[in-house]
Each structure stands twice: as structure tokens, then as C-alpha cells.
Amino acid sequence: MIKVGIVGGTGYTGVELLRLLARHPKVSLRAITSRGEAGTRVADMFPNLRGHVDLNFTDPKDAALTDCDVVFFATPNGIAMQQTRALLAAGVKVIDLAADFRIKDIATWEKWYGMTHACPELVAEAVYGLPEINRAQIREARLVANPGCYPTAVQLGFLPLLEVGAVNPGYLIADAKSGVSGAGRKAETHILFSEAADNFKAYGVSGHRHWPEIKQGLERVAGREVGLTFTPHLTPMIRGIHATLYMGLTKEVDLQAVYEKRYAGERFVDVLPAGAHPDTRSVRGSNVCRIALHRPRNGNVVVVLSVIDNLVKGAAGQAVQNMNIMFGVDEAAGIDNLGLLP
Amino acid sequence: MIKVGIVGGTGYTGVELLRLLARHPKVSLRAITSRGEAGTRVADMFPNLRGHVDLNFTDPKDAALTDCDVVFFATPNGIAMQQTRALLAAGVKVIDLAADFRIKDIATWEKWYGMTHACPELVAEAVYGLPEINRAQIREARLVANPGCYPTAVQLGFLPLLEVGAVNPGYLIADAKSGVSGAGRKAETHILFSEAADNFKAYGVSGHRHWPEIKQGLERVAGREVGLTFTPHLTPMIRGIHATLYMGLTKEVDLQAVYEKRYAGERFVDVLPAGAHPDTRSVRGSNVCRIALHRPRNGNVVVVLSVIDNLVKGAAGQAVQNMNIMFGVDEAAGIDNLGLLP
Amino acid sequence: MIKVGIVGGTGYTGVELLRLLARHPKVSLRAITSRGEAGTRVADMFPNLRGHVDLNFTDPKDAALTDCDVVFFATPNGIAMQQTRALLAAGVKVIDLAADFRIKDIATWEKWYGMTHACPELVAEAVYGLPEINRAQIREARLVANPGCYPTAVQLGFLPLLEVGAVNPGYLIADAKSGVSGAGRKAETHILFSEAADNFKAYGVSGHRHWPEIKQGLERVAGREVGLTFTPHLTPMIRGIHATLYMGLTKEVDLQAVYEKRYAGERFVDVLPAGAHPDTRSVRGSNVCRIALHRPRNGNVVVVLSVIDNLVKGAAGQAVQNMNIMFGVDEAAGIDNLGLLP
Amino acid sequence: MIKVGIVGGTGYTGVELLRLLARHPKVSLRAITSRGEAGTRVADMFPNLRGHVDLNFTDPKDAALTDCDVVFFATPNGIAMQQTRALLAAGVKVIDLAADFRIKDIATWEKWYGMTHACPELVAEAVYGLPEINRAQIREARLVANPGCYPTAVQLGFLPLLEVGAVNPGYLIADAKSGVSGAGRKAETHILFSEAADNFKAYGVSGHRHWPEIKQGLERVAGREVGLTFTPHLTPMIRGIHATLYMGLTKEVDLQAVYEKRYAGERFVDVLPAGAHPDTRSVRGSNVCRIALHRPRNGNVVVVLSVIDNLVKGAAGQAVQNMNIMFGVDEAAGIDNLGLLP
């Protein structure tokens, strides 16, 4: 059994990790920390876990994290970078669900996240945990930077055409829509029910932290600088991301074949038949990314639709997928459940 | 492996059965019928099943249902009663998720359902599939009448106090609220998004088909006629029933102890600590019924809060639970997943 | 023109007052205060007011409230009682949308609201602003205690039968459901979109501040102590209250006639035809209370359904109605708009 | 008073016309027709109209439409073109809220709408009812083709930059999101609450009827063919359209100044301060189109955000605006209400 610890378990990625790990056949949950809720039964805060998770939150300083095989950080940005060095030194693997290790260029990271990085040398070592690109490196990694939710949906949608060099990388548009849980479980006015329900709005149009992360990933694949416009929107649903991607074709390819071939061996990327429209609910609670391709009026604009559950493939599920790869167990263990529809 | 057939798989209870049975360790799905969709891949209609369910819908007349060990009817009322006799004769067990076998008094059934019953003798044989009351009979049953969604939430909430005779059975009030999926997947105006969203209303206040079903169940327990007022409401959520039950105490009891004792051995009834308020999302997608007890100002009115997922414990999940009992496998097989929260 | 000031304009009752008063033909808006937002343009915080409301928030200490004819308090509980004495002394009328003056018994108020009352003598003077009961007194009042949202829907539903003495006042049940805006515009976790959407729950079952307010109102009408069970629920919609009321008949009356007669002259109470089910959206944004009556199976339990918009008839609209009465203008001025449906 | 008739009043644009016209100071509602609901009181179908609209639905053949000054068609496509010739001949003006007269090229119309046009000569005469472009022609028109909802939001967002020739018209992208009421009040499965709630999806990506309408409008302004990609999405809210528009700048302009100048005299287009993000709820129930401009990282991609209420500025409100212009009354009469927020 893999001994697992979770740092920061009171947010949505924390409870989602617990939902998935509680039924993972190869996992033994050892500790979950929370500074503010130390002593509280986890299942008292999240009653869906009653009967499945028996742990109490522990204070971070009391948690025996170094006895774990792997520790997940489900914390705000800037926490994992303080504690990772010591855990790695103790032989514990680390998967960070926040952004501390996602961006290779330290100056860029410090600009977008507004703090000084505590361990730049670990950023260099960290593997970006998108298994569909980095599976081999993840297998050997001590430290995995779990991708952001938008970056997962957007990169998986763009990659196949960038890889075959069939589109203009200078003019990529990602119009992305997220459920409100993507904003986390923080008491903030703009994500109150009465503000976010029956409403739709864009935010961060002039700049969003996921823009440099997506750009870095696309540039690695394209092998050159890309021009990316990224527009996030807040949608009145709890879970789900829908990315609508626009690219200009530069040569003729069989779109459907390109995507089907690229993702043929991938258990968590599902390319729909040509002309389909994936809905976010088809992946609600599941680790699948569903993709469909369109080329309106056979013109040179390709429209790719890519959906994920932001808390699963966009966070906790992908983190478990990475853990499975790191520990050599079945990649789908604990995350092969079906989407909840309706 | 239990060979399973489903009649009528295009509604919400049908797709929910598929979601649960697709991952049931002891089940082999053999056939799913639909008159209108024969030939269609099930996963084309319900994309959450892609990769997990490979069946096509078959026309009812072509389906080899008599080769199955058990057949679920996820059909409108009045269908199962036409086909059950032949299936039983062929040695196939039957679980009806509709109302054909729920009400023992044929005249009452015919009045509320507006048709003549096709096989009254099977009504007498049928076992009402509420495991928390009828587990022993279900184990021996050939034919199970799976309870309605409201009746499940309401009966489980009322039963312990009726059983100990501590309340006035002549004045029971069940104020129940249901998510919209309880109305089924029918193209009807009143359950359109634009009609049912951001709105709340009662319906069927003067009479609802679940009233005689609940009444029958409560009277069996109380051993006498009960006075029941039942008010259903439509709530702008997809899944979930919240029953708020009012009873007048007639003698002093330790409420919390009565419920905890009654449900001590039950894996799918969870009595919350005194003073709690269960929310429906804590059971979203799970087979659990969560109950909490209140006695405001220590008066003689008891308020019981009882929540279920109407498609799981209120329909497909309970049907699988009944199948598990009928076939002697672990009662929780295939239905031990956690609620999806948030 | 009536010169109007508003204290505390950053909550939902504040912006709703502005929406209504901005188009009131007899009102001149003079000042709106906010300690935290002084200097901010009101329309920057609430863009629906752009082009209609030109005011900035002012600091309370700078606002020339004594130049107004009437001041509305759209503040948390405990603020109005600090400032009302001085305003009245300056000849300004006061309408408090909070609870400071609603409950006549000071000890009861102090127990439920957890503070010492600052001006008990004004509680005695204050008129409870439910026009359908107190219109004559409101006309003469200097100080009006605007009713709570639940109390408005519940009292209007119970009153006619209590007035004619046809029900048992010892066993009244009010099962009430509210949209989330009833909890206000406060950054609290439990009313986040991701917590409150697609979910339903009861709260405060053992005790809620609106219980003594409702009880006081019903007892005044019944002329004796009443036994009231009041259960509030949180519903995933923005606006709207649906109260489902249960009473036991003690003598035969023509229910429909009793209600139609009682509310014949009332412009903001609409008794639906027998057997109807009002939906909350029919009053969305409007000042109407819609009521329907049921007597299931002609038994002795009466079920009354009463709906309002909690921010209009349950708060800001009723406050404007009170102002209209106090200043002798058309009672419907500024609040005769239709419900927004769908 | 303007004598008004409405053909086809049982859909959402019909009830919205009634909501607005019922309080229009210069309108006398004379007739509203419905084949299926003849004899029914309008307010029985739409209870929000109780006390404000006293009409019954009449059968189309019995309605004295030729006595009206203007007739609105709130019908499915293909109805208005059958009846308009006779009404015009009788001196009645016509405003069609459907698509019969929107597209000048008959062959294009017939291809997208799948029927033969009944009166091509009237298409030539009809004025496209977007007042911000065609106010002078609307003033003189007998027949107005009221724009579609998407076309209104998209055109108002694109126009200023196309007019000043500062963008590449060959590569325009309109990523548009609509509330579910845009699909009308039809009993169809895909717009059921349980299908559309807590879900997000694109539809018609390969082709949507509003594409040729938008293209025609933009080409008229650009004076040349435009390359337009239009992607509609279904959003889990009742009302509202949010169009996110992408253009490539071809010369330097002061974006904010261009839009503010273009819409300076327009009462129903509100250009927000630079960097703002309009939310759809700010125009809920109101006739305003709110626009904000972004130029991320000062690059050459402009992002325009444009929101409307699809039933008001996108349908009934704009139709009333057109009527006001045609009859020379205040352009804002009956449609100057504020957005309902929250």
C-alpha cells in the first residue's frame, strides 16, 4: 500500500483527493493537515466522506508526513515550496496541486505569483504532471507539478495540431469557461451563489496566471514562441471546464485522424466522433478529457472543444493519475469511475 | 456473474442503473431495450458511459431477456405488469423500478394510476423493496417492487418513531422537496430549464401517487390507519430529495437513541449527530439516506430531516441493493461510492 | 418630492431599494452611506444602476441625513437603534429594514439578537410595517419596523384563518424555503455558489430569529398564545420565498372565500384560484405576495402556499410601500412592476 | 395610444412583449393570438401578468389585427411572411421578431431556414431593426425585421472597430454564450432542467442560422466580405448573452475612445470603463447592451465583451424600441427599467 499524506485538506481539491483516495485499492491514507481545523473530524466538515474517511485534521507541525511515501499539497500557492525540500530529503515523493513548480522561468513565476521563490533548484527538477506528454519523466520523478485546470483542458486540445505543425502558432485563441469551484472554497463575495448564479462573465481578460503556464507548455511542443490569447469566464455551474480553441490551419490534415492517433493509447482522453459537442457533465466527477473537432464550412479555422472536470482531470484526479504512474500501479486505479449524468 | 437485462434504458433511472452496474464486480450486462432507440449505441445517447458500456439498445422483442438472471424494468408505469409473468415463468427474477407492484390494494392502485392491473396475483407475491424493512423477504423474492423516491426518504424518516409508538400517527406531515430529475427525462414544458431554474413551487398538493404508497408503508409499521399529509415541491437542483417530517410526540423517548439503534446495522442509512442539517449534495450519486433529528424548544413536535439521491437510493441504487440481496452477494457491491461534493 | 436617505447601501436590500427608488415618481434620492465604500460610485459596485443612480457612497458621519424626509436603514441588526432617536428628533421619519424594532418584548429581542437594546422606548412607538394589518398606524408612524422576509410570507398566509378562528392555533407548522439572497451579501462559505448550488438543506431548525417575530404577529391576531413550528430551508435560487403552511381546521369554512374577502382590497396580495400552485418566479422582482389554498382529500388539514420575492415584498418593496403610506402618495408608486418571468 | 396586436403569444418573446407593453405609457394592447390556447386567459398561463394584462388568447382567424396600428410577430420562423402582406395592405405596421425578413439574399435565407420564402419583395423593403445602425430607416419603415439575439450582441460589439477600419475583417471570431431561454419555450429534451443545469456545451459549431445574419450585418459595415467564425454555447442560466469577440488590429487606435464616441448618443449601449468585465445579470430584464474592451499585453488582438438580455435587447425590448422609433414616441418608453440584480 502507498502511504499517503495530504497537506491542506479543507479546500475543494483536498476533499476531492479524499473522495478518490478513500476508495483507491493501493492507498493507505495516513494524515491530512489543516492549520485552522486541527482536531476536527474530516467527515464532519465534508459529510459525503462519513463512513469512508476516519481521519481528523492534524496540525501541520504534528503530522508525521515523513512516514508517508507521497505527500500531496492541496494548499494555496507558496506553501509547497517551503516544505518540499525537507520531504524529498526524507525520501518522500511530492505532488503539488498548486502552482509552485509549474513554471520553469523563475522570473516569470515571481512576476505572476507576486512572491520570491523559495527553492528555484527544485523547479528545475520538478516534472510537469501532464501524463499525456510527460509520462516517462513522471515515472522517474520525485517531485511533480500538477497542472492547472485551464492549462490541462487547453493544452490537451491544442497539442496534436501543434505537434504535427499544421497550424499557425502565432495566433492561438483559447476561450475558456469554468465552473465556480475552480475559484476554490474561499469566502469571497464574487463567488457567492447570489452573485454567480444565473450570470455569466469573463474575468482576468487582460492577464491570468494560467496564461504563462499554457504558453510554456505550448511552446515546448511547438518548438517556438506562440501567440496565445486566453480568456477565462465564470459559468454558473459547480464543476467543469469547457475550452473552445481557435487555430488557423496552415496545411491540409485529417483533423479527426490526427487527434485519434495522438490519443489512441490514452485512457483519459476521449476523442469524440467528428461533429460532436462534448458537454461538461459527461465528465462530472470523472478523470476524462473529452475532445471534439470542427472545421466550419471547411475553412481554415479549426475549432476544438475540450472538456474536463476541473476538480478531477483538472486537479485531484490528475494528481492521483500521476501518483499511480510514479508508483507503478495501474494508471487508472482509483480514478476509473464514470461521469455523473444527469 | 449475475446476468442482467434492463427494459427501458433511455430514462434517468436507466442510465443510472448502467452507471452503477457497469462497475459492479458481480454483474454481466446482457441487454438493454428501447423501442424508440433500437440500434443506437447506449454510449452515444449517454456519453458518460463511453468506454464503460458497449451495448446497443435492442428492440424489446429481440432481446434475449429470458437468458438473464434478473431483469430491471426502468419503464413507465404499466409496462412491467405486462411482461413479468413470462419472465418469472422462465425463471428470471424481476425488479420493477416503476409503480406496478408497489401497492397491495388493487382498487387503490387502479384509481391512482388510471389503468386496469394486468396481474393482480403477482402484486400479492411482490415484495416491497425497502431493505431496511423487508430484507428477509427480499432475499427470497422472485419479484421486487422497488419503492418510489419520495416514499423511500419519507418512510425511512418516519419509521423508527412509529415503530416504538411514540408519536400520534393520526397527524403526520411530510413536506418533501425534489430535484427536477425526479420528473424523468420527458420533453415537458414545466421541467424545462427556463421554467424550473431559479424557481420553487409545490405541485400535486391535493393528491400525488406517492401518497397511497407512503401511507401503506406507514400503516404496516404503525399497525393502524395513519393520517398523512404529503406535499411535494419542485426544487431547482438536478438530484436530491429532502423530506422534512413533522410528528407530535405522545411519550418521552430519546430520539437520537431510537434512530441510532434502529439503523445501527444499516450500511445505507446514516443518522447524523443531534442538531445536524443534512444537505442533499452529501448523498449526490451515493446510495445513502442521511437523517437528522430535531425537537425545537423541547416541545412535542419532532422534526426529522431525511435526504437521499432520488436516482440512487430513490431508484437505481436501491434496485441494485435489492439485487445484491436477492443474489446473496455483498449488499454494497457496486453501490459503495461516495457522494460527489461539491 | 420625498427626500430620501439610505444608511448602509452595499447589501442586497440596499441595491434593491435603489433599483426601486431610482424610478419612483415622487422620490428624490439624497444620500446613501457606507462606511467601507465611502467615495465609491454606487453604480460602480452595482452596474445595473448605471445611468439611473448618480450618487457616490458617503461616510455615515458626512451624510446630511437630517435634511431628508425619510431614512431607510438597510444595515445589519443593531445599527438603526443607535441613530434613530436623533433622526426622529430632527423630524426625519425612519424605516428600519433590519430587526431592531420588530419585537415588542425587549427581553425576547435581546435573547435572540444577543445584544442590549439601545432605545426600548422607541420599540414601543415603532409600528410593525405589514400594511395588510397595520395600514392605519403606518400612516401616522414616525418609525416603521419593516418585517422580515419569512415573517411576511408566513403571516400573510396564516392570517385570514386565524382571524376567523377556524383553526387550532396550538399546532401551526410553517415549512419555509428561501432563495440564497435572503442570507445577504456577506462573504461566508456556506452561501458560496459551489456550496449552495444544486443542493437543498434546512437550517436553524431548532431556533431561528424569525420564529419569535412570526409568533408575535400571529398571537396578536389570534388573541392567544400560538404553537408554531418554523423550519427554514436554503434553496438554490437567488430570490424568492415559498412558505408551505399547515393548519388543522376546527370548523367548516369556505377557505377560498375567506382569503379572497380578506385580501379583496389589497393590491399586493393575490389569491390564486382554488387548487393552484404559485411559483416564486411569478413574483420575481415584484412586490406581490401570491397565495393558494388546498385541503387535501377534504380532510381537516389545510395547506396554504404563499410566495414572495424576499428582496421586494420581503424587504425593499415593502419598505417603499410603507413609505408611500406614510407620505400619502399612491401606495403602489414605484413598486407596481411585473414579475420577471422566465 | 398605439394600438398593438401580438401574433403568437405563448413563447418567451411573447410573454416578454406583454411584460413590457403592459406598462408602456403609449400602448393599448388589443389582441394576442394563439392557435393552441385560444380562450385561455393570458394571465393564467403567465401568472406574473395577473392584474396587469386582462386579455384572453384569441384564435388568429378571429383576431381583429387590421384594427391595430402595429402587429408584432412572436411566432416561429415562416409565419410572419404568410400574413405580413395583408397587414401592410391594411395600413398596419409589422415588426417580426422571427427571422423571416432578416436576410436580404433569398437563396441564403431559404438554404438556412429550409423553406421557400413567401414574399421576397417584402424582404427587400424590410428594414433590419438594429436602431444603432438603422434608426433613420426604421423611422420610415412599414416592416421591421427585428434582429436575432446573438446578432444583436455580436454586431454591436464588432461595429465600431469595423467602421473605423482598424481590424482585419478576414479573421473575426465570435465566441458567444446564451442562456437557455434563447432556445424558446418548446418541450425538447436537450433544454430540460436536468440536461442543461450544471452543464456547459457548444452547439451548432459547424453552422448556425445566426451566422449568415451576423455576416450580412458586418459586411454591410465593412464594405467587403468578412471571415467570421461564430460559436454558440448553451449556458446554465435563464437569460443573458455574453459575446466574447476577437479581432486582429491592423492599425493603432484608441479603442476606448472609438467605442465611447460611436455610442455616445445611444441610450441602450453602455460602454464600460477600460478593463471592466460586464456580467449578464447587470442587464437582466433591461434593454441595455453593455460593452467592455481589452487588449491583452498591448498586443494586436482586441477582445470585446458584449452582454445583453436575449429576451429584451435581443428580442422583445428591441422590438418595442423599434416601435417607439416608428411611431415617434420617446425611444425609451416602456423599456427604461433597470436590470434585476441580484
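The chains carry the letters A, B, C and D, assigned in the order they are written, with residues numbered from 1 in each.
Keep this in mind: contacts are C-beta pairs under 8 Å (C-beta built on N, C-alpha and C of every residue); 3 or more make two chains touch, one makes a residue touch a chain.
Quick caveat: nothing in here was measured; it's all calculated off a predicted structure.
Trainee: Average the CA atoms of each chain to get its centre, and name the chain whose centre is farthest from that of subunit A.
Mentor: The chain farthest from subunit A, judged by C-alpha centres, is C.
Trainee: Sort out for me whether B-C or A-C is joined by the greater number of C-beta contact pairs.
Mentor: B-C
Trainee: Need the CA-centroid distance for the pair subunit C / subunit D, whole Å please.
Mentor: 36
Trainee: Would you mind pulling out the distance in Å between where the CA atoms of subunit A average out and where those of subunit C do?
Mentor: Roughly 45 Å, centre to centre.
Trainee: If you average the CA atoms of subunit B and of subunit C, how many Å lie between those two points?
Mentor: From the centre of subunit B to the centre of subunit C is 39 Å.
Trainee: Residues of subunit B that touch two or more other chains: which are they?
Mentor: 12, 179, 181, 185, 194-195, 197-198, 236-239, 278-279, 281, 284, 342, in rising order.
Trainee: If we count contacts the way the header does, which residues on subunit B are in touch with subunit A in the complex?
Mentor: Touch list, subunit B to subunit A: 12, 15, 19, 22-23, 46-52, 181, 185, 197-198, 238-239, 267, 270, 272, 278-279, 281-286, 288, 290, 311, 336-342.
Trainee: Can you list the subunit C residues touching subunit A in their complex?
Mentor: Answer in residue numbers: 12, 179-181, 183, 185-189, 191-198, 236-238.
Trainee: Show which residues of subunit B lie in contact with subunit C when the two form their complex.
Mentor: Listed in rising order, the residues are 171, 173, 175, 177, 179, 194-195, 197-203, 205-207, 227, 229, 231, 233, 235-240, 242, 244, 246, 248, 275, 277-281, 284, 294-297, 299, 301, 303, 305, 307, 342.
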